[in-house]
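Order of writing sets the labels: A, B, C, D and E. Residues in every chain begin at 1.
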Amino acid sequence: QGRDNVQVAGSSTVLPYASIVAEAFGENFDFPTPVVESGGSSAGLARFCEGVGENTIDIANASRAIREGEIEACAANGVNEIIEVRIGYDGIVFASDIDGETFAFTPADWYQALAAELPVDGEMVANPNTSWAEVNADLPDQEILAFIPGTKHGTREVFEEKVLLAGCEETGAMQAMMDAGMDEDAAEEACIDTRTDGVSVDIDGDYTETLARIEANPNGIGVFGLSFYENNTDSLQVATMSGVEPSTETIASGDYPVSRPLYFYIKKAHLGVIPGLQEFAEFFVADEIAGPDGPLSAYGLVADPELAATQEAVANGTTMDAM
Amino acid sequence: MNDMRTMDNAVNHDTKITARDVHVHYGTTHAIKGVDVDIADRTVTAFIGPSGCGKSTFLRCLNRMNDTIPGALVTGEIKIDEADIYDPRVDPVQLRAKVGMVFQKPNPFPKSIYDNVAYGPKIHGMARNKADLDEIVEKALRRGAIWDEVKDRLHAPGTGLSGGQQQRLCIARAVATEPEILLMDEPCSALDPIATAQVEELIDELKQNFSVVIVTHSMQQAARVSQRTAFFHLGHLVEFGETGKIFTNPEDSRTESYISGRIG
Amino acid sequence: MTDITDSAAQPERRETGRSILEADARTKKRNRAETRFKAYGIAALGVGGLFLIALLWAILSNGLTAFTQTYVQLDVPLIEEKLDKDGDRDPAKIAKVSTFGYNPLIEQALVELVEREGLETELEPKALTKMLSGAAAADIRDRVLANPELIGQTVSFEVLASSRVDGYLKGRVSRESLARDKNLDAEHLDLIDALQQTGAVEKRFNWAFITGADASDSRPEQAGIGVAMLGSLFMMLVVLVLSLPIGVAASIYLEEFAPQNRLTDLIEVNISNLAAVPSIVFGILGLAVFIQFMHLPQSAPLVGGLVLTLMTLPTIIISTRAALKAVPPSIRDAALGVGASKMQSVMHHVLPLAMPGILTGTILGLAQALGETAPLLLIGMVGYIATNYPDGVAEGFLAPNSAMPAQIYEWAKRADPAFYERAWGGIIVLLVFLLAMNLLAILLRRRFERRW
Amino acid sequence: MPTLPIVLIVLAIAVAAYLLARSRAQRAAAREGRRLHSLPNYYGWTGALYAAGPALLLLAVWLVAQPVATRMAVWPVLEAEAAPNAQPALLMADVQRLAAGIDAAVASGRVPAAEAGDIPAEELRELMAGQGVALGSDVTPATRQAALRWRGLSAGGDLARTLAVIGLALVGAAFGVSRAKPDFRARNAVETAMRGTLIGAALLAILTTVGIVLALIFNTIEFFRLYPAAEFFFGSTWSPSFGGGSELGILPLLWGTLYISIIALLVAVPIGLFAAIYLAEYAHKNVRSWAKPMLEMLAGIPTIVYGLFALLTVGPLLVDLFGRNGALGVNWMQGGTAVMTAGLVMGIMLIPFVSSLSDDIINAVPQSLRDGSLGLGATRSETVRQVVLPAALPGIVGAVLLAASRAIGETMIVVLGAGAAARLSMNPFDAMTTVTAKIVSQLTGDADFSSPEALVAFALGMTLFVITLALNVVALWIVRRYREQYE
Amino acid sequence: MNDMRTMDNAVNHDTKITARDVHVHYGTTHAIKGVDVDIADRTVTAFIGPSGCGKSTFLRCLNRMNDTIPGALVTGEIKIDEADIYDPRVDPVQLRAKVGMVFQKPNPFPKSIYDNVAYGPKIHGMARNKADLDEIVEKALRRGAIWDEVKDRLHAPGTGLSGGQQQRLCIARAVATEPEILLMDEPCSALDPIATAQVEELIDELKQNFSVVIVTHSMQQAARVSQRTAFFHLGHLVEFGETGKIFTNPEDSRTESYISGRIG
C-alpha cells in the first residue's frame, strides 16, 4: 500500500514554518496534511540519507546547509539527487527581561564579556569582567550572565562566527594574539572559546528554556530566534546590535548582522511519486507563503530576497550537483 | 503429679491475670463467649478443649496479639497485675515484653538460629556485650532443649530446622526475654516424648517465678504440668479449677465427656 | 518429671514487677524511637503528598485556562462572485478558492460587526482581522465546501478569536505588554472590551481543546489534544497487550522455572540493565529494528507502542519477580503436594497471590510509558503530526500520529505563550487519562491484596 | 492469499482440533473405562497446539524467507545491466515496489490483469505515481523485467505458502487429534509448550539487548575511527564544537550522572521506603488505598513537567537558600540549575517506584513473622526494621535498583534542571550534566550526523550500557548474598 | 490394637515402596544416611524418632517434595510399584497425584475452605460437574473430621481456621484426591483426642485399599494405628519391623532407649 502523505523531518528551528505551511497545504489541497517531525537538523538529515523508498522521509528540514560528509553518506545509501531549498533567514537576537535594563551591544562587547581569555599586553589572561559596565562603560552596570545556544545548535556556530569572532577582530584582540605568536587558526579558536565559570551558560534546549531561565534569573541575557522574540514581547526586550534593531526588514536588508539561512532538502527520487510532494514544495516557497507578506514572514521568517530563483529551482527539480 | 503440692501452690499465689466477660468476634464468628477467669501467679494453667474451641484466641487476648488480626474484636476486661491491658494507656509493647508467647505454628525469623534467640534480648537491652548475649542465647537454647542439636550451626538459618526443632527454637526465643507470664500454644505438639519432657521441666522451672499458661491437647500433659486447668468448649469457658479436680471430678457434664473422650 | 524438691525453696522473685501502665526508661526510649519511626513514615508520606500537591497546583494553575476559549460571533456574507464566479455550484471550482480568498469576506464581516454595534475604531479593516484566528477562514471554507448552497447568504459563524485576544480575556496579555507586540494594539483591546459587552465576543468551555487536533505555530487557539490522545490510546493498547503478558511470562520463567545457571543470570542481569537504558536509546533501537529493518510505517502508534513495550518490560518484570519471590514456599508445596504440576501451582496459586505486585508494576510501567517523549522523537512521533483523526482502528495503529507527552513537549517549545498554557492543559488531560487507565488496575490490586 | 486470512484459517483449524481432540480423548476414556492422564482440556490444547504451532511458525519463516529467495532469483535479471557501483538492495527495493505497484494497479482495476505484463517501461513510473508508489528512478527495461519476474515468483510463492501452511495445520491437527488417547500425557505436552513460551518471553530481554547493541555498535565503531578511544574514556573535558577539535571526554558526564543519581536516590529511597513502611504497616486500609495511587501519580507526570518544576520552582528556591544573597548566607550556588536541583526533583519522580513496589513486597511478608516479633515485645518499628525489612530485602533492592536505573536513564529533568555544563566538580550546587542528556542533545542537534560530535551519542550510549551492566552484575551478587528466605 | 490382625495384614501385602541406600544432604547437613526400607501395600507404616532425626526429610523423598528445597540432594534408589521415582522419565506430578501428602505445618491455600479441598479433584478431573465436586468436597471434609465445624462457612478463607482445623483441612485436602499412598507428617499434632481418634479411624479405613505412612511422636498412636514401625535416629533407620515387635521387643538398644524414654 502506498504512502499518501508527505513526510518531513528535521530541524526544530524550521518546524514552526513547516507546520504553518503544512497546515495551509492541508486546508487548501486535496492531499493530506504533511507530517512534520522534529528532532534536529542532524537527525533529520540522517534519516533523509537512510535511503530511498516509502519508509524513508521525503524532506529534511535543516537550520544549516547540508555538509559534504552528509552528502556522501546520502550517496552511499542511494540518495543521489537532492534538491536544496533555502526558505529564508532566521534572525538571531539578544534579549533580556522586559523589566530590566536596556542594552545596545556590539560584537566586541560580547567577545569581551564571554571570551575565556583575553589578551592583555601580549599575555592571555582569564577573563576578569564581571559586569557589563566593565566591558563597555555605556552598558548598564549589571552582572554578566549569558544564555547562549549549546554546541548542538547551529545557532551557536553563527553566534561564534558573527558575534564572538567579529568582536575579537573588532577589538584587535585577534591581531594581538597573532602578534603574540599564535597562528591564525589558534587565534580563531581562542576568540570563540567561551568562559566556563558559569557566566556563560550553554542552553541545549529550546528558546523556551532560555526564556524560562531569564524568568528565573532576570539578570540574564539570552540568544533567541527573531520569531520567538516577536511572540514574547510581553516578557522580553530586545537589544540592538551595532546600533541596529533586529526586525525582518533590517535583517533582509543585511543591516542587522546576525542571521542564518534555513533550508529544506527534497529527495528527488520521491518527486512525482509521493502524492503531493511536488505541490507541497512549490507551495512552501510560493510568494503568498514565503514572500515578505506571507504568513511565514508574519511569524518571523526573514524572507529570502532571491525567492524567485528558489521557486524556479523547485519547479524544475534542480538538484544540488547541478547548481 | 503431686496433687498436694499443686493445691498448695495454687492457693499460695495471688491472681496474676483476671478476665471478665471477654468476648472475641472475628467478623461474624463469635469465637469467645463471655469468659471469666483468674490466672494465678507462679502457677501453670492449662487450657484444654476440642480443636477450634477458642483456646488460641483467648490466649492471644492475654497479650493483645489479637490486635494484629484484622477484624478481630475483643470486648470485656482483662487485667494483669490489676492493670487493664486494654486500657488506652497501656503500651502493648511493654505488655508483650512482660507476657511472652510461643505460637501454635512455629514461626522462626528468616535469620540465623543465634539471631532468632538474640533478637528479644537485644531489643530489650538485656545484654551489655557480646559475651553476655552469647550466654543468654546459650542458656535459652539449653532451656529450649535444643542446644545440643544446634550448637554447631548457630549461624545457619532458623528456617532450615525440622518442625520440632523450630518449635523448640521458638520456645527458646520466648524464654530468652524472661517474661513474667509465658503463654504457650501447644508448645510440644511437634516434639518427641523426650523433648516434651525437657520442655515440661522448663515449664516447671519457670513456674517458680512466673506464670505459665499452656494450651495442650494432651490431657496427660495438662495433668503433669499444670496446677489449674480451664476447659473451653465452643467459645465458652466451661469449667476452671484445680487440675486434679477437673480430671478426677469435673462438675460440668461436657468436661466429663471431653475428658473421657466422648466429645470433640 | 519434676518432683517436690523445687517447691522447697522459693527462689528470689525476679525484681522486675514491670508495670504495663508506666513505661520504664528503656521502654520510653524505644517508644520514642517508635514514634519517630512512625513520624518518619508520616513525614515521608506528607512530603510525597506535598510534592504532589505542589506539582498539581503548578499544573492546574497554569493549565486550567486552556479549557476555556474565546469565540467571536460573526455574520459573514458569503459573496457569490468571490466564492463561485460562475454560480454553478461546482464543488471542484468552489474548492479552488483557497483560504486566502476568504479573508476579505471576514474583513468585511468584521467591519460590519463593528458598525452594527455602533463602535468607533481607527483600525484598518485588514488590521481588524488580527483579532481572529487564522483558523477562521479555514472553518468558513470547510462549511462552504460542505454546503455550497450557503453561498450568497450571510451566515452566522462562531469563529476563534486570536490567541492574543484570548490571552487578554484570560489576563495573560495586558495593555502594557502589547506595547511592542506587532500582532495586536491597544485599539484592538478597546474593541474587544466593547464587543464583549455586546456578547459578540464570548469565552466558553473549550471542547475543541479536548477533542481537536494540533495546529500550526501560528494558531495556538485552534490546537487540541484529542488526536494525540488517540495516539496515546493506541500506543497504550499495544503496550498493555504486549508488555503485561510478556513481562509476566518472563518473570514466571525466571522466578519459578529457570535453573540456576549462567544463562538465567545473564537474562536476569540483562533485564535489570534494560531498565537503566536511557529511553532515547530505545528510540534508536525502534528506528533501526521496526522502521528500517521491519519496514513498519514511520510515526505510527504501533511502532511507538512496540518501543514503549520494550521500555516498560523491565519495570513489569522486576516488580513481578519481586512479587513472585514474596509468595511463601509453603503455598507452592501445598499445591505440589496434591499433585498439581509446577505450572498449575504457579498459575493457580502463586500468580494470584503475586497479583498486587504485578499490577503495581503495570501501573508504574504504563505511567512511565504514557509520559515518555524521548524515544518518540526518533521514530517520528514528535513534531507537527497529530493533525487528523485516523479513520478506523487499523489506521489508528498505522497512520501517523503523535502522543500526548510528545504533543505537550512540542507545545512547551513553541514560541507563542498560548501554547504554553495548552501544554499545561495537556498535562491535566494526560493525568486524567492516566488515572482512568490505571483505575482498573488500582481497583483490582485492592481486591487481590491479602496477607497470609 | 494475504497473511491475515491464512492466520484465521489456521486458527479455525486449531479450534476444530481442540474440540476434536478433547472429545476423542473423552470418548476413548469412556470406552476403555480408563481415566484420562490429564484433564480433557489439555487434550484439546494439544490438538490446537499441534495444529497452529508448526503452521504459524512455518508461516513466519516463510514470510521472512520468501522475499530473500525471490530476491536471489530475480537479481540475475538485473545484474547484467546494473551499473558497476549500483546497490543491489536499492535496485531490488525499486523492483519490489514496482511489483507491488503493479499488483495494486491490477487490484484497483486500472490495469487489466492480463495486460499487466505488457506495460512498457516508460509508462510504468507514471502509473506507479498514480498509484502512490515511490520509485527511486525511471524504470529501465531490466527493472521492468525483474519486476515482472518478481510478480510471477511471488504469486507462485504465495500460493505455495498458502497451501503449505494450511496443509501443515491440517496435518498437525490430525496428528494432535490422533494422539488424544487416555494414556497420552497431554498436560505435560501443553506445559512444555507453555514453558517454551515463557522461555521465549524471557529471551526477549536478551534479544532486546542484542538489538540495542547492534543499533549502537556500528556508529560507535565509526566514532572510534574518528576519535581516539583513550581520549574519550579518560578525557576530563567535554566541549564539542563544530569547527572540529572537539574534546569529547566522557568522565565529566559520568560524574554528573553518578552525582545526580545519588542525590536522586538519597531523596527517593528514604522517602519512598518510609512511605512504603507507613502504608504497609501503620496506615489504615483506606488511607493506603488512596495514598498509594496518589503517590503513583508522581510517576505518571511527564518528565518535562518535572524539568520545568526544577527550573522554575526548585532552582530559584535553592538559590534563595544557598545562593549569594541566600537565606543561609553560604554562597555555594551560582545559578538555579545544579546537580542538587535536578537530583531533588528526580528524587520526587522516583518516590513511587520505591514506595509502591516496596509496599507490595512488605505487605507480602507473612503475618506470622510480625507476630513472632511483636510477641517478643518488640515495637512495631523494631519489627519492621529487624524482621520485615530483611525478609523483604530482595524485593526492596529490586525496587531501589529500578529507581536507580530510571535515575541513570532520565533526560528531561537533567536538561532543564541540571544545566548543560559538563564539569568535574564536587559541589552539588554546581551545574553539571549527564550522559543521557548529552546523548539526546548530540543526537538531535545541528551537527553533521557523520561527524564525531554526533556519533559520540552512540558511543555514550554504548558506554553507559556497559557500565550499568557491570553495576547490575554487582547488584545481583549482593542480592544473592543477603537474601533471607522466609519459611 | 489387635496385634494378631496387624501381623496378619502386614504379611499379606506386597511391597509398595522400596528404598535402597537413600541419602539426603541439605547443603552440608547430612540428614538421611543410607536408609533401606520396604513399605508394604495396604498397611500403615509409622515413622518414629526424636525430633530432627530425618523423618520428614525421608517422607518428602517418597513423593519427591524434596525437589522443591533448594540445596536438597537425594541419592539412592526409591521405587514405588517397581518404578524408580527418581528416574528422569518419571513425572513428579503424576507421582505426587499418586502419593499424597499432609505436611507437618498446616498450609492451607489462602482461598476458601471449599476451594482448598476442591482444588485437587479439579485438577485431576475427578468431578464431572459441580454436584459431583460438592459431593467429593463434603466427603473429604467428613473424612477429615471437620465437616461439622465448617459446613456453614465453606466459603470462608481456609487461613482463618484454628490450628487444628487447618490441620484437618489439610488432611481432607489430601484425601480428596484419593492417592494410593498417603504420607502424613504428624497429622494429629494439633488435634484433641477425639479429633485424633477420628483421623485414626480414617487412617484405618484408608488402609483397606491404600498405603499410609505416618510420622508421629506419639508412640501410643504409632502402636494404635500402624502395622509396621520404622525408628529413625540421627538420620539412620535404626530399626524397622512389625509395630508390635518394635514396641515390645526392639532389637536395637537405641530403639529401646527411645521407647522407654531415655534418648531424645
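Methods note: a contact is a pair of C-beta atoms (placed from the backbone, for glycine too) under 8 Å apart; a residue touches a chain by one contact, two chains touch by 3 or more.
A quick map from chain label to UniProt name: B, E = Phosphate ABC transporter ATP-binding protein, PhoT family; C = Phosphate transport system permease protein PstA; D = Phosphate transport system permease protein.
Keep in mind it's a predicted model, so treat the numbers as computed, not measured.
Here the chain-to-chain distance from chain B to chain D, counted in touching steps, is 1. The interface with the largest number of contacting C-beta pairs joins chains C-D. Centroid distances from chain D, each centroid being the mean of CA atoms, peak for B.
Here the chain at the heart of the structure, going by C-alpha means, is D. One simple way to say how far apart two chains are is to compare their mean CA positions; for chain C and chain D this gives 20 Å. Chain A and chain C have Cα centroids lying 31 Å from one another.
Mean C-alpha positions place chain B and chain E at a centre distance of 29 Å. Distance from the chain A centre to the chain D centre is 35 Å, each centre being the mean of its Cα atoms. Contact of a single residue of chain D with at least two other chains is seen at positions 187-188, 308, 366-367, 379-380, 382, 443-444, 485-487. Along chain E, residues 93-94, 105, 123-124 each make contact with two or more other chains.
Residue positions 3, 12, 39, 43 of chain A are each in touch with at least two other chains. Under the touch rule stated earlier, the contacting chain pairs are A-C, A-D, B-C, B-D, B-E, C-D, C-E, D-E.
Listed in rising order, the residues of chain A touching chain D in the complex are 1-4, 11-12, 39-43, 45-46, 49, 51-54, 62-64, 67, 69-70, 72-73, 77-78, 145, 150-157, 160, 188-189, 192, 196, 198, 201-205, 209, 212-213, 215-217, 269-270, 272-275. Residues of chain A that touch chain C in their complex: 3, 5, 7, 9, 12, 15-20, 22-24, 26-28, 30, 32-33, 35-39, 43, 47, 50, 55, 57, 98, 206-208, 225, 227-228, 230-235, 237, 288, 295, 298-300.
Across the interface of their complex, chain A is touched by residues 87, 90, 93-94, 97, 101, 104, 125, 128-129, 131-137, 239-243, 245-246, 308, 311-312, 315-316, 334-337, 415-416, 419-421, 423, 430-431, 437, 441-451, 453-454 of chain D. Chain contact summary for the complex, chain B toward chain D: residues 63, 65, 68, 70, 92-98, 100-101, 103, 105, 107-111, 119-120, 123-124, 157, 159, 170, 173-174, 177, 179.
Those residues of chain D that touch chain E in the shared complex are 35-40, 185, 187-188.
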